[in-house]
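Input: a single structure, listed below in structure tokens.
Chain nomenclature is as follows: A, B, C, D, E, F, G and H, assigned in order of appearance, with residue numbering initiated at 1 for each chain independently.
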Amino acid sequence: MTRNDIETLLKEIKNGQKSVDEGLEILKNFPYTDLGFARIDHHREMRTGYPEIVYCAGKTAEQVVEIFSVMSVKQSNVIGTRADEKMYKIVKKKLPDAAYYPVARIISIQKKKPSVPATRIAVITAGTSDMPVAEEASVTAELLGNNVLRIYDAGVAGIHRLVDKLPEIRTCRVIVVIAGMEGALASVVSGLVDIPVIAVPTSIGYGANFGGISALLAMLTSCSAGVTVVNIDNGFGAGFCASMINRMK
Amino acid sequence: MTRNDIETLLKEIKNGQKSVDEGLEILKNFPYTDLGFARIDHHREMRTGYPEIVYCAGKTAEQVVEIFSVMSVKQSNVIGTRADEKMYKIVKKKLPDAAYYPVARIISIQKKKPSVPATRIAVITAGTSDMPVAEEASVTAELLGNNVLRIYDAGVAGIHRLVDKLPEIRTCRVIVVIAGMEGALASVVSGLVDIPVIAVPTSIGYGANFGGISALLAMLTSCSAGVTVVNIDNGFGAGFCASMINRMK
Amino acid sequence: MTRNDIETLLKEIKNGQKSVDEGLEILKNFPYTDLGFARIDHHREMRTGYPEIVYCAGKTAEQVVEIFSVMSVKQSNVIGTRADEKMYKIVKKKLPDAAYYPVARIISIQKKKPSVPATRIAVITAGTSDMPVAEEASVTAELLGNNVLRIYDAGVAGIHRLVDKLPEIRTCRVIVVIAGMEGALASVVSGLVDIPVIAVPTSIGYGANFGGISALLAMLTSCSAGVTVVNIDNGFGAGFCASMINRMK
Amino acid sequence: MTRNDIETLLKEIKNGQKSVDEGLEILKNFPYTDLGFARIDHHREMRTGYPEIVYCAGKTAEQVVEIFSVMSVKQSNVIGTRADEKMYKIVKKKLPDAAYYPVARIISIQKKKPSVPATRIAVITAGTSDMPVAEEASVTAELLGNNVLRIYDAGVAGIHRLVDKLPEIRTCRVIVVIAGMEGALASVVSGLVDIPVIAVPTSIGYGANFGGISALLAMLTSCSAGVTVVNIDNGFGAGFCASMINRMK
Amino acid sequence: MTRNDIETLLKEIKNGQKSVDEGLEILKNFPYTDLGFARIDHHREMRTGYPEIVYCAGKTAEQVVEIFSVMSVKQSNVIGTRADEKMYKIVKKKLPDAAYYPVARIISIQKKKPSVPATRIAVITAGTSDMPVAEEASVTAELLGNNVLRIYDAGVAGIHRLVDKLPEIRTCRVIVVIAGMEGALASVVSGLVDIPVIAVPTSIGYGANFGGISALLAMLTSCSAGVTVVNIDNGFGAGFCASMINRMK
Amino acid sequence: MTRNDIETLLKEIKNGQKSVDEGLEILKNFPYTDLGFARIDHHREMRTGYPEIVYCAGKTAEQVVEIFSVMSVKQSNVIGTRADEKMYKIVKKKLPDAAYYPVARIISIQKKKPSVPATRIAVITAGTSDMPVAEEASVTAELLGNNVLRIYDAGVAGIHRLVDKLPEIRTCRVIVVIAGMEGALASVVSGLVDIPVIAVPTSIGYGANFGGISALLAMLTSCSAGVTVVNIDNGFGAGFCASMINRMK
Amino acid sequence: MTRNDIETLLKEIKNGQKSVDEGLEILKNFPYTDLGFARIDHHREMRTGYPEIVYCAGKTAEQVVEIFSVMSVKQSNVIGTRADEKMYKIVKKKLPDAAYYPVARIISIQKKKPSVPATRIAVITAGTSDMPVAEEASVTAELLGNNVLRIYDAGVAGIHRLVDKLPEIRTCRVIVVIAGMEGALASVVSGLVDIPVIAVPTSIGYGANFGGISALLAMLTSCSAGVTVVNIDNGFGAGFCASMINRMK
Amino acid sequence: MTRNDIETLLKEIKNGQKSVDEGLEILKNFPYTDLGFARIDHHREMRTGYPEIVYCAGKTAEQVVEIFSVMSVKQSNVIGTRADEKMYKIVKKKLPDAAYYPVARIISIQKKKPSVPATRIAVITAGTSDMPVAEEASVTAELLGNNVLRIYDAGVAGIHRLVDKLPEIRTCRVIVVIAGMEGALASVVSGLVDIPVIAVPTSIGYGANFGGISALLAMLTSCSAGVTVVNIDNGFGAGFCASMINRMK
């Protein structure tokens, strides 16, 4: 509920259009549907313009289907992240509109197409193995209404593979850099452009990579101002934030 | 053995009703049955009023059955935690009174119903995926003789989903807050009420969650006084402590 | 503001006794005084019956004096933790009612004495060096209105030093156990009584103690149900929680 | 050098306006002044519109003065971070235009005022002790040409101290949230608004805070999409990124 | 080779009984058989009286069989640790003398029985789940020629289960204490006796146990002098050291 | 491209032999083939004399085949590391020249044999279980054109197994030492020779080995100057660096 | 109290020589003197033959003096560890018998000389900087009644400095090995002898030594059976355990 | 002693020129001088051609002077690392030949100048603050007989400051890269050249740099083959290894 809604509600109570008890009821029941195991926040899309996001990994297929169904009734766009193919098939049976992006592991139901701004988001990876995380970022951004420039496998060990793409990168409004190992790509890219960089450490690598900690620490301690960081392998979060910035007016 | 028992024993020795050797024997043999691989503490329930708790995860099904059987003979209530369905079926064959709570992963044999106080325990989770830990806490508390108010999926990213439940929460005597990820829910709940909060970090999440460490540290460093913490995913411990406080006279 | 206050406010708006704008104003301005660098929550004591707690360590003496002064005007009890003697002297000059507990490092202004329940809190330490943390817990509990049973230097390496105190400990309603090193005392005490134990790891020790992590981990993984844990050296938090439980009706 | 400059340079070589050796010379000598211990990048401001930033903490006062002097000659704006008062006085003697922000620990020389956009940056802290980091963020943003809305001491333990500021916060284009301890404020703020949040963990706190790691992990694992994170205590980085986003066209 | 052997060798060279080249040959070829993938140290048993120990976990079944075969020819006793049943069956086929201890996961070939001293080694565990590590320690000690007193499941949460065994424990020459979780048992036992305690942390437990780190740190920081520690789950090492001390003259 | 190539290119542009646009095209398109998911750097071999290395572990079999095919066309030698047998069979079907080293997990296509210098590289392991890492180092070095002296299972617990090999080791130009557990072998070898030692920690071991961290830290803190370290289990990196040094002129 | 004392006590109660209340009194009051801040365990020396050990580091000089005074009255030997010179001077004033070992940082009052067995303890360090820890171990062992063979600065980077001492080392009954950095010396010594090795990691070193963790982990993961470990810098613990083993009959 | 010396010794014994006892004496007494607190290895320089290195940080000024004096007598070159100015002044008084390098913190006595090869070592730092570590590396290399190319403050945030130096860097035989923060410079340099890179992480930085761990992990996980790593801030080790490689024939 927006501040306006609250003001309106208070006015209606003042005018006697609503009783105090009604007011309390509205404030309590409006924003979500309680499924017992989950509380769906219909309110969020109205408030933010973004669809509801469902993190599927910790949920049973049955729970995911039920959440998607409730949302579907309300004509919301839905994005389900970390969903495997098996979960998708169960959802698809019940909700034939559902689409699946296998590399990104995303289920999507899109009831209405979002508008797309003229500026773009660049999604750059250091290696081929970073692709699942990169696709999660790219598909998230696209579903939220953005055009994405994908540049994959441009690690610092062969920096010339990045340099020829710089003019195109410089036309973007925000950059997502995805790298495992030593995560140096975020610093290098940020040092070459003057655009906000959202860095995503990945768990790619072995030994002292420690499931992404090396890349995470490297990105946090980047000597190049202009880099902010999201969680290890959190392609979704990076795509979501990049969309927020790219769609800014 | 209570202090009274010890005093009685010493008196009987003084009076010659018991010999010194008998006294040593009683002190040594009374409190437990030695199964070789386990020493069952019959003493505990007499002393505490709580049933014996068996942590099943590190034991073979045969060991668990034997422990349950010995206890069963003594007419004790028994709670077995971290038990899978397969283990339950083996126990059930030998001990038909056994009941199973699949989400909580608890086997229970309840020979006598405990009394239940008027006050309640609130069990609140941040997300749907925290449910197994929450159910372990809730079922433990119920088996020990408490009424539980369950509020699941009320994370801080949509705080209004919590706020309408506050009046009901405030009537409880103690709150268990269960959260993974950044574990912020414990601080937020504790800041809104004046009731002891037992926080359970869960291993839900990925990347820099590190199997629950993020939530654990966040809960330990909570800026809100009134929060104490148990081990990661330790729903049982939280339910047990909450019961101790709720059943307090 | 309690739920009642909110209902009353809404009713007054409905009846025209208050305008909508007045309602918004009240909701916004009531609960705290904004000093620029700090927002003092007068609301808390009314709501909770506990005085406001000021964590002094990260603040300048000037900031602490100003916060105490504002509170003093409102006739609140105030507790300032982690305050050194120098800070106390500056506060004392301005507010002659202020008292200082040097081992506990607490400044207190007590305008009205709280009632004290019949039950007690036991505060037990493993070693002499744990005394500053123990006194922080004990003094906090006393200032909040509790009687405290102090048992210091009763570590597990000489368990007989604890055993003779058990009858007295068993009469308490809640126990605070404070230990550095391997933190075993919490498990041992909890195994001997049937009372909630709040464990405080301390940074006492050297080498692989790692500033309290050894004790913290040991307490979190206690094999004895009934133990909850607060942050390393957090005597205040333990005293506060113990008071909550001891003063429970 | 921009792509245009390189194209121009290549054209001049083609036309014979510049020799190959001259071309190599220009490419090599243009962008920085080599002081031996430091290489000052004059090129950066031309390219980015931002002044050169000097991280003073690891440098001697003599080195800082020399760097400032060289820049001063080139009429650049300069920002020196992590500078103590002593260093400032030495700089001031040589360069009387230098100004000092003691809480933020910043030395600034501003030869030309940057334009300031209509939108604002909100800088919110959880506690009073987070002020030095917050001021580093705020002053950085202001020197780079932004208006800042400061809201200090609004931690989650008393959430009503934040709520009344929400309407004002919602008018900002980007939010910097600064918190130590459990760092929950970033999630809570991000859940209440639909604006990018840059989270800064601080080393404020004790025990299991581990110099800011608790807050860092909590912010990285935030369950609220829309949060990106910078290094512990990195107020400058947050202010710089926030400025990038706020000044975006 | 003992010091005597070296002196003898040098004397033979002096007397001309051996050439210098022969001397070098002997020094080089004597002590081990080179299988390419492994270098078997026949020398060790002669020197120490202990059989060769083979750590099977990182080796293929073929490698283990070949090592056992070479040793067998030399009439040495052999102990193979961390061997699963499958590996044992392959060894058994080739070497029918091999015996297997399934809980301890040890393969043994005993060509000659070692003498057994009158004193005993106590092996005490905190829980039932610690049994595999305890059996590795006990069987190792027995195969090296020791009598073992096994006391399993005597954790600190029910200390009376330990106390009645104290008189028997006090007759032992060295104690192995095996515990996961908070590892408090080592401190408690060491505080009750005046006998060297070798502590073995186990990876039993969950959450903040971190695969045995909690117990390891607790044992290292034991406030009770007289405790030394071996690696997590290293029952073999504890049994071997205990045997060294128990067999001491 | 070498500096010479760049000078030549600039000269051709000056002379009008190439247009500016052609220059930019060459600089951009020359060095790699873009497969979408990977950017193959043909440039590297020309520049360095080393073949392209493909890290297979994070890639699908299809991606690996495609990369090998493109390289094969260009007549480059290719080395694929961390490839399992299944992947090899798929590659073999398409490219019959491919060879496989199962212990080293390396696929190789060798179009032209490299020259081999007279000096050798020693590869020494502490245990049998370190063999896969050692073979990765040895085979890498051999494929890059070096002779290797293999000494496996020469751990410090039986130092005489190493000593007789010292004369041969001393004839090598560089030594690779591979050890898990406590990693002491690197220090010991380095103390006995005056040759650069490249140390490879392995994840062999259990308990407090923590997947190789113990060995890694031990090697980094080696009290013997002359030791440098590569990542845990990184046999390839060690073989590659050793080859760089051994082939040095 | 020994088992005999308890039996005697029980008999006296049975015979009516002691009342029950007297029995309880004796059990409670016998073993220690309660100083308020410390509970001195007079019982320990009687039971163990070892003097009381006072860990001085966390105590005020006044507390240490008072503890020493009480003990002195009882004619016990006392050892105070981690005491600086200043503390010693205060103790000396009150108790002129006190002696000080400055490198070992030990205060000692020796009322009666302990007997000394024929066998010796070897104390070996890797470097000169390990001397304070080594002296703490050596002086502790000497005060408890042992002869010590000191071999300092014999690190693995120059193993020949150790080898010539081997015959003498082999005559000892137990060895204490003290090393920082990579801690390899424990493994190397243990591989050369057949005597129990107690390893003490020290915090000597820099960078990835992490205050002794590198050495600690290396010692715990030693590939040489026969090594047990005490806490970082815990010279006292090592000396105490070594004494236990050396004085064994 | 070289292998030749040992052969000669054995021959002399055979010929009767030396007795067996004399042989043992020589082997034992030859290689070092025992100062009690230190064992000086005169043998090392003879064997390696390198001077003895003294790590001064953990030693008293008196110990350092005594070590230098003994060496001085033997006409050895000596290098003392981590020595502060105060220590130097004490050494200088006794040994007037001593020279001091204040930024590198090195004391040197050079009795004979080493030969210097034609090839050079490049020492490159990311920032100005890395200079002390860089100077330790550079001065060490120079004292051991090498020419050094210093390039300081060439971090990846402004890569053009590095590029113009590439031709000169490429003429070196080995490169030392020194960087704190995210340590990306090692990967970037190694990707641009075909020369062995020795990477030194520094403790420069704050927050999640964790005293150099970020840079250390980044360098270990470098995606660029050809990088080996030494300990945090270990400029000496890097200079020593670089000298080994540069002076290689």
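Rule of thumb we're sticking to: a contact is a pair of C-beta atoms (placed from the backbone, for glycine too) under 8 Å apart; a residue touches a chain by one contact, two chains touch by 3 or more.
Computed from a prediction, not measured in an experiment: that's the story for all the values here.
Within the contact network of the assembly, the step distance from chain D to chain E comes to 2.
Taking each chain's centre as the mean of its CA atoms, D is the chain most distant from chain E. Mostly identical positions are employed by chain E and chain G in their mutual contact, as over half of the interface residue numbers are shared between these two copies.
Distance from the centre of chain F peaks at C, each centre being the average of the chain's Cα atoms. For the pair chain E and chain F, the distance between mean C-alpha positions equals 38 Å. Chain B and chain C have Cα centroids separated by 26 Å.
Across the assembly, chain E contributes 127, 158, 207-209, 213, 216, 220-221, 225, 231-232 as residues in contact with two or more other chains. Residue ranges on chain E touching chain F, taken from their complex, read 1, 27-29, 31-32, 36-39, 41, 43-44, 55, 57-59, 63, 201, 203, 212-213, 216, 231-234. Across the complex, chain G meets chain H through its residues 127-129, 131, 152-154, 158, 160-161, 164, 204, 206-209. Chain G contributes residues 3, 47-50, 53, 166-167, 170, 173, 194-196, 198, 216, 220-221, 225-232, 236-237, 240-241, 244-245, 248 to its touches with chain E in the complex.
If you check the complex, the residues on chain B that touch chain D are 126-127, 155-159, 180-184, 187-188, 190-192, 205, 207-210, 213-215, 217-225.
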